[in-house]
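Each of the next two complexes has chain A plus one other chain: chain B in the first, chain C in the second.
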Partner chain A sequence: MRRSLAFLSLLFILGVLLYVANPDYGLKFGLGGDDWKNMRYTDDYYITHGVNETGGTNIVTDIVFDYRGYDTLGEATVLFTAIAGAVALMRPWRGDEDEE
Partner chain B sequence: MMLPFLIVIPLFGAFSMPIVSLLGRKAREAWAVIVSLATLGVAGAVFYDIWSTKKVLVYTLGAKSPLGQGVDFPIRIVWEVDLLGAIMILIVTFVAFMAILYSIGYMKHDTGLEKYYTLILILELGMLGIVMTGDLFNFYVFLEIMSIASYALVAFRTDTWEGIEAGIKYMFVGSIASSFILLAIALLYGQYGTLTMSYLAAKMAENPTVVGKVALSLFIAGLLFKSGASPVHMWLADAHPAAPSPISAMLSGLVIKAGGTYALARILFSIYGTSVGMKTVGWVIIVFACITLIVGNAMAVIQTDIKRLLAYSSVGQIGYILLGIGIGLAAYGTNAGEIALAGAIYHTVNHALMKALLFLVAGAVIHELGTRNLNELSGIAKTMPKTTFAFLIGAAAIIGMPPLNGFASKWLIYESSAIFNPVLGAIAIIGTAFCTAAYVRVLYTFFGKPSERVMEAKDPEGSMLLPMIILVLAIIVMGLFPWQISEKIMIPAVDMLKDQVHYITAVIPNFIGGA
Partner chain C sequence: MKSNDMGLIVKTMARTTIPLIGIFGVYIVSHGHLTPGGGFQGGATIAGAGVLLLLAFGLSEMRKRYNHKVYSVLESIGGLTFLGAAMLGFSVAFFYNTLWHNGPVLNGQPGTLLSAGYLPIMNLAVGLKVFAGLVSALAAIAAYRRWKE
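== the complex of A and B ==
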């Protein structure tokens, strides 16, 4: 019962996402011309002004380390947390250390 | 401008912890306490600044203005803190400081403590990042920081089977919830081309689309998971009992609010606001709130494990907060809606204090007696009087006894739900009846005939007792001035949360209110 309900809701979500991914109703793909200017204005700004404002020629690194450097700091923290967590969980059990 | 130090100090503290801990155990405990105390100090300054000026604080990372040269849209990450954010900042840093202070005594017999203190500081950092940010993707990054730190901390006691089991369950459920949120952000970016919350709100008000609605439903689904609402509360009832008690206090008091109800309120009011049918969304939240209220509180009554009881009670209290948010949406613009929202914000603060206290008390009992089974704990009042008194205060506050802080916040929620729809008021009262039954049952056990096991127990040491005393004092003092606090802090916070146009114009000055 629960399994079939879960399957039906997954099917429903898939249907909704397919509807949204249809250019006639929802998201457009392969934007060009006016659509590009209207819907990807931020990207357009980065490409036009990126070299001047940050001094780097690689747009992706310009965005990742300058415009959105705080997110990169956050991602570094995620990695640090993941490592700290993994090391913390792999430590020997309490009883095992008494032998020292 | 003190705002950046809220991120800088805990980040520095966490990243320097592996080096500081080379100096030995005392050094790392002292370092964790100093770092969290400094964060609390900065949080107090930020809160006072925002509260006294009643302005939305905006900070752009990397430039003077969030807007690009010659254009009128933001290109950089912004922080945007209004009074609701400031309240959350203050309560997060306060409870985190209490939990770290408590850990000194509680975690004495555990190993791997340098990782423990690193992770607990990162948990605090993640929550601060969530409540400060004004950028949608940045919100996701900090949600992940918070979630990953809490997965690791739930499973921290690897030599217990339940720690690992709860950690795995929490991690699977939490990752799915996070990916819902990421998918929603991707859809919104694809449709509107911006990640800044306030500019997104402006674009959405101009052009509401079906993509925005699908993204909203994904947001609601993901954030209800994170806040432990029914019917997706099952991870919470496992994770909170299995974690070490200071972590349960932080998870139950803070994580489910910063990453759950706060984020829900922020996204619903500040981003979507008037551009979706608020009545419909409000009723969706109300339905989940009512289920959560009944299920959480009713399940709390039948538990025999003290921490599991507290965990289910947290689910129940999240129901009240969601009910407040839901009525605030469904009755937007009316008096009842405003009272409900004020009650929800007030209850968030109160529940963080009360549940932190209750979990710290439960931790002290487990620390002394080594059992969580309520049936073995009878008569603790004889041998652990101070701890029992702290529990009595916490339990009375969570039920909503008049001289304590839980009364005012619950009253605001009852009052508004009764005005809005009497059926909801009745459901809220039924939830409280179950809650009362659960806590009275625990108190009966505590004051009963002392069992053999309890006889050698005594009150815990100073570093564990001090946080409990501070929290008891906070609950009593807040209970003495309920209407002043609600008038001076909670109502202005509601006004700022509802003022979507102001939230937008704080970042984009020349936006002409279309909302």
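== the complex of A and C ==
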């Protein structure tokens, strides 16, 4: 009963996402022309001003390290925490050394 | 089960390809502000050389070359260098690229290696951090206690 309910709710969410991703009602793919100017004006700004404002010719690096540096800082923190957690969990258990 | 390394051919090939992988990873990291790639990708590439070392030469060789204190210090140095580069322009704002706007170094023409302000510093820091972190996590997993038969 619970499993079928969970499956039905998954199906419902999938249907809603398919509805949203329909170009007639929601998201549009392959933007160009006026749609690009209206919906991707931030990307347009980055592409136009990125090289002058940060000096790097790789726009992705400009955005990741300069415009949105906090995001990269958080990503580095996530990586640090993940490594610290993995190494801490992989330490030998108490009494493992007796058998070797 | 005494020797857990691979055969002669694999070891010889690893001996020649590990420096190439390392050089290519350093190239990706140091040209992160000019070409596709950057700190995360290049660091993962260099860590691939560490994976190859562990797989080809076995855990005993890895134990000799790997010191987990050194690698944890390297990871911390990477993170702190990233934060220090972010705080260079702290008089204006956090993450203000002051080296590019009015800095003494790293303010060359866009497209040259010594340009883009703190972006190369941050790429190097993140690359070092990712490399040290992945290698230390891999070594911890490889040195995990054996399966009980």
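Note that in this section the second predicted complex is superposed on the first by the 93 of 100 C-alpha atoms of A that agree within 3 Å, B and C clash if a C-alpha of one lies under 4 Å from a C-alpha of the other, contacts with A are read in each partner's own complex, and residues count from 1 in each chain.
Just so we're on the same page, a contact is a pair of C-beta atoms (placed from the backbone, for glycine too) under 8 Å apart; a residue touches a chain by one contact, two chains touch by 3 or more.
On a predicted model such as this, the values are computed, not experimentally measured, just so you know.
Trainee: Which partner, once the models are overlaid, touches more of chain A's residues, chain C or chain B?
Mentor: B
Trainee: Considering only touches as defined above, state whether A:58 meets chain B (first), chain C (second), both or neither.
Mentor: A:58 sits against chain C, while chain B stays out of touch.
Trainee: Could you say whether A:49 touches chain B, chain C, both of them, or neither, answering first, second, both or neither?
Mentor: first
Trainee: Report for A:40: first if it touches chain B alone, second if chain C alone, otherwise both or neither.
Mentor: Once the two structures are laid over each other on A, A:40 reaches chain B alone.
Trainee: Of the two partner chains, chain B (first) and chain C (second), which one does A:69 touch, if any: first, second, both, or neither?
Mentor: Touch partners of A:69: chain B and chain C.
Trainee: Based on the superposed arrangement, let me know which partner A:93 touches: chain B (first), chain C (second), both, or neither?
Mentor: both
Trainee: Who does A:6 touch here: chain B (first), chain C (second), both, or neither?
Mentor: neither
Trainee: Considering only touches as defined above, state whether A:27 meets chain B (first), chain C (second), both or neither.
Mentor: After superposition on chain A, A:27 lies in contact with chain B alone.
Trainee: Looking at chain A, which of its residues have contacts with both chain B and chain C?
Mentor: In chain A, positions 53, 66, 69-70, 73, 75, 77, 80, 82, 86-87, 91-93 sit in both the chain B and chain C interfaces.
Trainee: Taking the touch rule as given, give the residues of chain A at its contact with chain C in the complex, in rising order.
Mentor: Within the complex, chain A contacts chain C at residues 51-58, 60-62, 64-66, 69-70, 72-73, 75-77, 79-80, 82-83, 86-87, 90-93, 96.
Trainee: For a test of understanding, state which residues of chain A touch chain B in their complex under the given definition.
Mentor: It is residues 16-17, 19-20, 25-27, 38-43, 45-46, 49, 53, 66-71, 73-75, 77-78, 80-82, 84-89, 91-95, 97 of chain A that touch chain B.
Trainee: In the complex of these two chains, what residues of chain B are touching chain A?
Mentor: 11, 14-15, 61-62, 68-69, 71, 73, 75-77, 109-112, 115-116, 118-119, 122, 125, 129, 137-138, 141-142, 144-145, 148-149, 151-153, 155-156, 158-159, 167, 187, 190-195, 209-211, 214
Trainee: Which residues of chain C touch chain A once you look at their complex with the stated criterion?
Mentor: The contact residues of chain C facing chain A are 32-36, 38, 40, 68, 75, 79, 82-83, 86, 94-95, 97, 100, 107, 110-111, 115-119, 122-123, 126, 129-130, 133-134, 136-137, 140-141, 143-145.
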